[in-house]
Amino acid sequence: MIKKVKGYTKNGKVADYIPALSKADPNDVGIAIFDGNKTCFSEGEHHKLFTLQSISKVLTLALALMDHGEDVVFSKVGMEPTGDPFNSIAKLESHIPSKPLNPMINAGALAVSSLIKGSSNEEKLERLIQFVRELSGNSLITYNQEVAKSEFETADLNRSLSYFMKQHGVISGDIDVLLDFYTKQCAIEVNCEDLAKIGYSLAQQGEHPQKSYSIIPFEIARLVKTFMVTCGMYNASGEFAIRVGIPAKSGVSGGIVGAVPGGIGIGIYGPALDEKGNSIAGMKLLELLSAKHHLSIF
Amino acid sequence: MIKKVKGYTKNGKVADYIPALSKADPNDVGIAIFDGNKTCFSEGEHHKLFTLQSISKVLTLALALMDHGEDVVFSKVGMEPTGDPFNSIAKLESHIPSKPLNPMINAGALAVSSLIKGSSNEEKLERLIQFVRELSGNSLITYNQEVAKSEFETADLNRSLSYFMKQHGVISGDIDVLLDFYTKQCAIEVNCEDLAKIGYSLAQQGEHPQKSYSIIPFEIARLVKTFMVTCGMYNASGEFAIRVGIPAKSGVSGGIVGAVPGGIGIGIYGPALDEKGNSIAGMKLLELLSAKHHLSIF
Amino acid sequence: MIKKVKGYTKNGKVADYIPALSKADPNDVGIAIFDGNKTCFSEGEHHKLFTLQSISKVLTLALALMDHGEDVVFSKVGMEPTGDPFNSIAKLESHIPSKPLNPMINAGALAVSSLIKGSSNEEKLERLIQFVRELSGNSLITYNQEVAKSEFETADLNRSLSYFMKQHGVISGDIDVLLDFYTKQCAIEVNCEDLAKIGYSLAQQGEHPQKSYSIIPFEIARLVKTFMVTCGMYNASGEFAIRVGIPAKSGVSGGIVGAVPGGIGIGIYGPALDEKGNSIAGMKLLELLSAKHHLSIF
Amino acid sequence: MIKKVKGYTKNGKVADYIPALSKADPNDVGIAIFDGNKTCFSEGEHHKLFTLQSISKVLTLALALMDHGEDVVFSKVGMEPTGDPFNSIAKLESHIPSKPLNPMINAGALAVSSLIKGSSNEEKLERLIQFVRELSGNSLITYNQEVAKSEFETADLNRSLSYFMKQHGVISGDIDVLLDFYTKQCAIEVNCEDLAKIGYSLAQQGEHPQKSYSIIPFEIARLVKTFMVTCGMYNASGEFAIRVGIPAKSGVSGGIVGAVPGGIGIGIYGPALDEKGNSIAGMKLLELLSAKHHLSIF
């Protein structure tokens, strides 16, 4: 399978805004698929660790909804897709009231992260990492301190978004404390198998792969997957819905998590990105998989 | 069922930009549901005729795709949802190249309509109406000349969008000829049962309700339904996907067509609109239906 | 003087959106200066005819103010400079109420042209041309029919702006009739000496060069010159005010009219344009003149 | 004179985003006029102290130009007026390269302030205050610590603008250090007479009122006054140029400095503001003065 998409990596580019990301090997492509059975199907660089980056937006959204419920969360962030880039600030100014359009763009994800319960960033992060460990069944998951530090130092655009929202009452509190949490959340490290199991948990409506209880309530898992369809692949989400039709979320590290209804989780790694910031080989891989196995929800 | 949502009509407003629409009774609510069996389930004002308005965007998209294929159509219009109102012009200016973001906003629908094959507007319109008749199984469907005329006379914003796109090479030819076709397409008249059967045709992947052949090819029906999910309900599409999760398209006449995967078509009429231009009682009706019968695709 | 700026023409480009403009010789540079004495000082291609293009905006503004007074005119168009290009539509959408920011951008000029009194376009045009003849003292001035025709045929962006404003009640009536007048107004032909005398009339607070009466009332001449300073050179007006400081208006034909307070009129022709649409040699010429003779109003 | 405009204060509102400003008496109106003679003409609340706020933008621009010259300053900030509000962020995103349009909007003023020479904020502020003392001939001028502190604490929008510019390389260094300087510069306290003398210094092309040397070089004074005309009164600058025609700069404290060419300085205080943030009585006062004494530069 990977053989068929390997060639696409040449047309992509590794993210280079922080050194840690730019060191990734653009030729890497890995995939893991998990359907609830004991072992994952996996191929390629499925064992390499990479940071969640924007994939974390899906997980903090789930956790914030579990912490506060829909009313509180959606008083701070909207539900509508946007045709703008994920890091755009224009709509915060032109929309009244100033409120990020959805939780998958940076502004919205920052607003969501500000809601995670905990008396300190340590506690919040521990709760989030514990949540990721449960979803993936991997108790070794943690965050990459070097990546978090680099991102914190270069997070001026996210600071700009945050202060803008603070001015308009969308978020409150110390912005650097929020950025500290946000950059650590983005730096949580996983491999393809972890992602596949997280995707499976979402696909299964939140049920844990090897346990009997539900980690994410049904309604929240459904809601999160809806956002993955309408806004999961940056401003290529519409085309992805048409070409692939699988609820999915990508990150600039080259990771993609997919949650196929009926219970299949997919984890992909391919750090060479297309111009919209999605893994170029990963997108192709999902397109092939969806066509071959009729995985589109549409 | 209608009893439960009737009260919502008081919070809505009938579209009033042309006299023909403003004459609608804001208290009207009607629904028809068709699952392929001989008769529709129907309730309320299901027999009243109303014009398709934006619902026609779904049908011209299908026809244009059947006429030209994806490559031609998507060279003129994008696939991405937009956070802007359906009649906005700003992104045509700020995006390079100038190309409407998707076929469900006015600019995109105008570009799609300009692609319908035919040597004259009469021929194009006949083809489109014939297509609607086949999808609905109602050979009496035609368009309302009075509404078409009114809309043509007040279509200055659509003219502005069209000339802007002509300047940038997205469309060509005489704009008033295009507007003539476009306003007639919007003025095609149906009732709830017609819409339910059209929805059924889409839900059935394009198969005709009472015939053995497919009117819309499988792939095109799938593609159209994807747009209905990501952009079908104006800039309330994201929330609708979460609250309802049924591929659907609304019009300012108060109509909504729904296409539930697995083969259920829904036609709704309720001319009292919410502030985003969707039938206020219709939205509620679909929310109740979806929750009760688990119709969400997510 | 021209010798010093001739070299700049190489860095510019002749407008090419209609054939008539693209045929201009990019190396041409001409200037005429008139201070009320019998003869103009002139140099270079001062005898060549060129069309007014955007320079006409200054003259229709003066005429509309004489026709209706400030209250009527400024109910249709604002007084504020804009950082956007002269043909931008975005602010018409984002500003409420929808009203062009000033009469020097295309939208504003179209709104102003729609106000010129006359029972037909012929009469309106005759009034405008007569006005230009009086200001310049040249009774032979007329418009170039070929240029007007070409511009009318390619005026889709101006049509878009006009229909947008019609939708929002800024202008009314038949848009193609307005465009016919507007493109003819832009096609009025002058040479450098004509422009210098027009500039002199404005500089003299509206007094006619060789007559005893005032063609433009003092207050209107003052008002028009203020717009020439704040918005006369497209979105290079701010820099022009700093570097040159002379009330001036340019056109894409390469013409510039200047009105130095105290009574000096300047007419320039140089069809090689910079990227903002101003005569590249003409701008330099005015900078040199202003520095040498201390002509800045600041 | 003040009697004639006193009534306008009722239609205005005192700025209330920080307590210190909201405590101003909306009925206050004061004016001082200085023409180089020993004493100022003054009337009304000319003795009350108020903070410079945006008026400081003019002074830091002059100082930055004296520190670095035009090339450095205008590599960081543009020269063009903008139709947007003074605190808008949209154009920083839509313009490429990201650079504030002019030094009179907040983004531009922040970029300019970041250029003031000095090894620490103390030193920079001392230099700036010393500059203001020289221009006004008042050695007692200092800044209001309470106002500076309040503004620093509520400066989230300016932080947002600053981080956005830092992301795009327009400014560098610690943003809170910049904000500390910026809010102190805005909190410098003057009365009408101080402002009148500052205006006189600018009007006199930078010459000191009672000394023989020039505090601001001729070219820089001219440049600064040009910005006062094109962008000095927020997004009412265009109308102000038409109605008044005096180089002037306002602040949300209700102050306005005017610099009439030929050597008249005007200082006004009137904390009741119109909806664009300019002193409502002050604007009217300047209009009356300009009309009566023919002070317009146009």
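As written, the chain order gives the labels A, B, C and D, with residue 1 at the start of each chain.
Simple rule for what comes next: a residue touches a chain if its C-beta (ideal position, glycine included) is under 8 Å from a C-beta of that chain, and two chains touch if they have at least 3 such contacts.
Computed from a predicted structure; not experimentally measured.
Counting C-beta pairs in contact across C-D and across A-D shows that the higher total falls to C-D. Centroids built from CA atoms put subunit D at 33 Å from subunit C. Averaging Cα coordinates per chain places subunit A and subunit D 46 Å apart. Among the residues of subunit B, those in touch with two or more other chains are 94.
Viewed as a network of touching protein chains, the structure reduces to one closed ring of chains, two contacts apiece.
Subunit C makes touch with subunit B in their complex at residues 88-90, 93-94, 156-157, 159-164, 166-167, 175. Chain contact summary for the complex, subunit B toward subunit A: residues 78-84, 91, 95, 101-102, 222-223, 225-227, 229-231, 235-239, 241-242, 245, 247, 261, 296-298.
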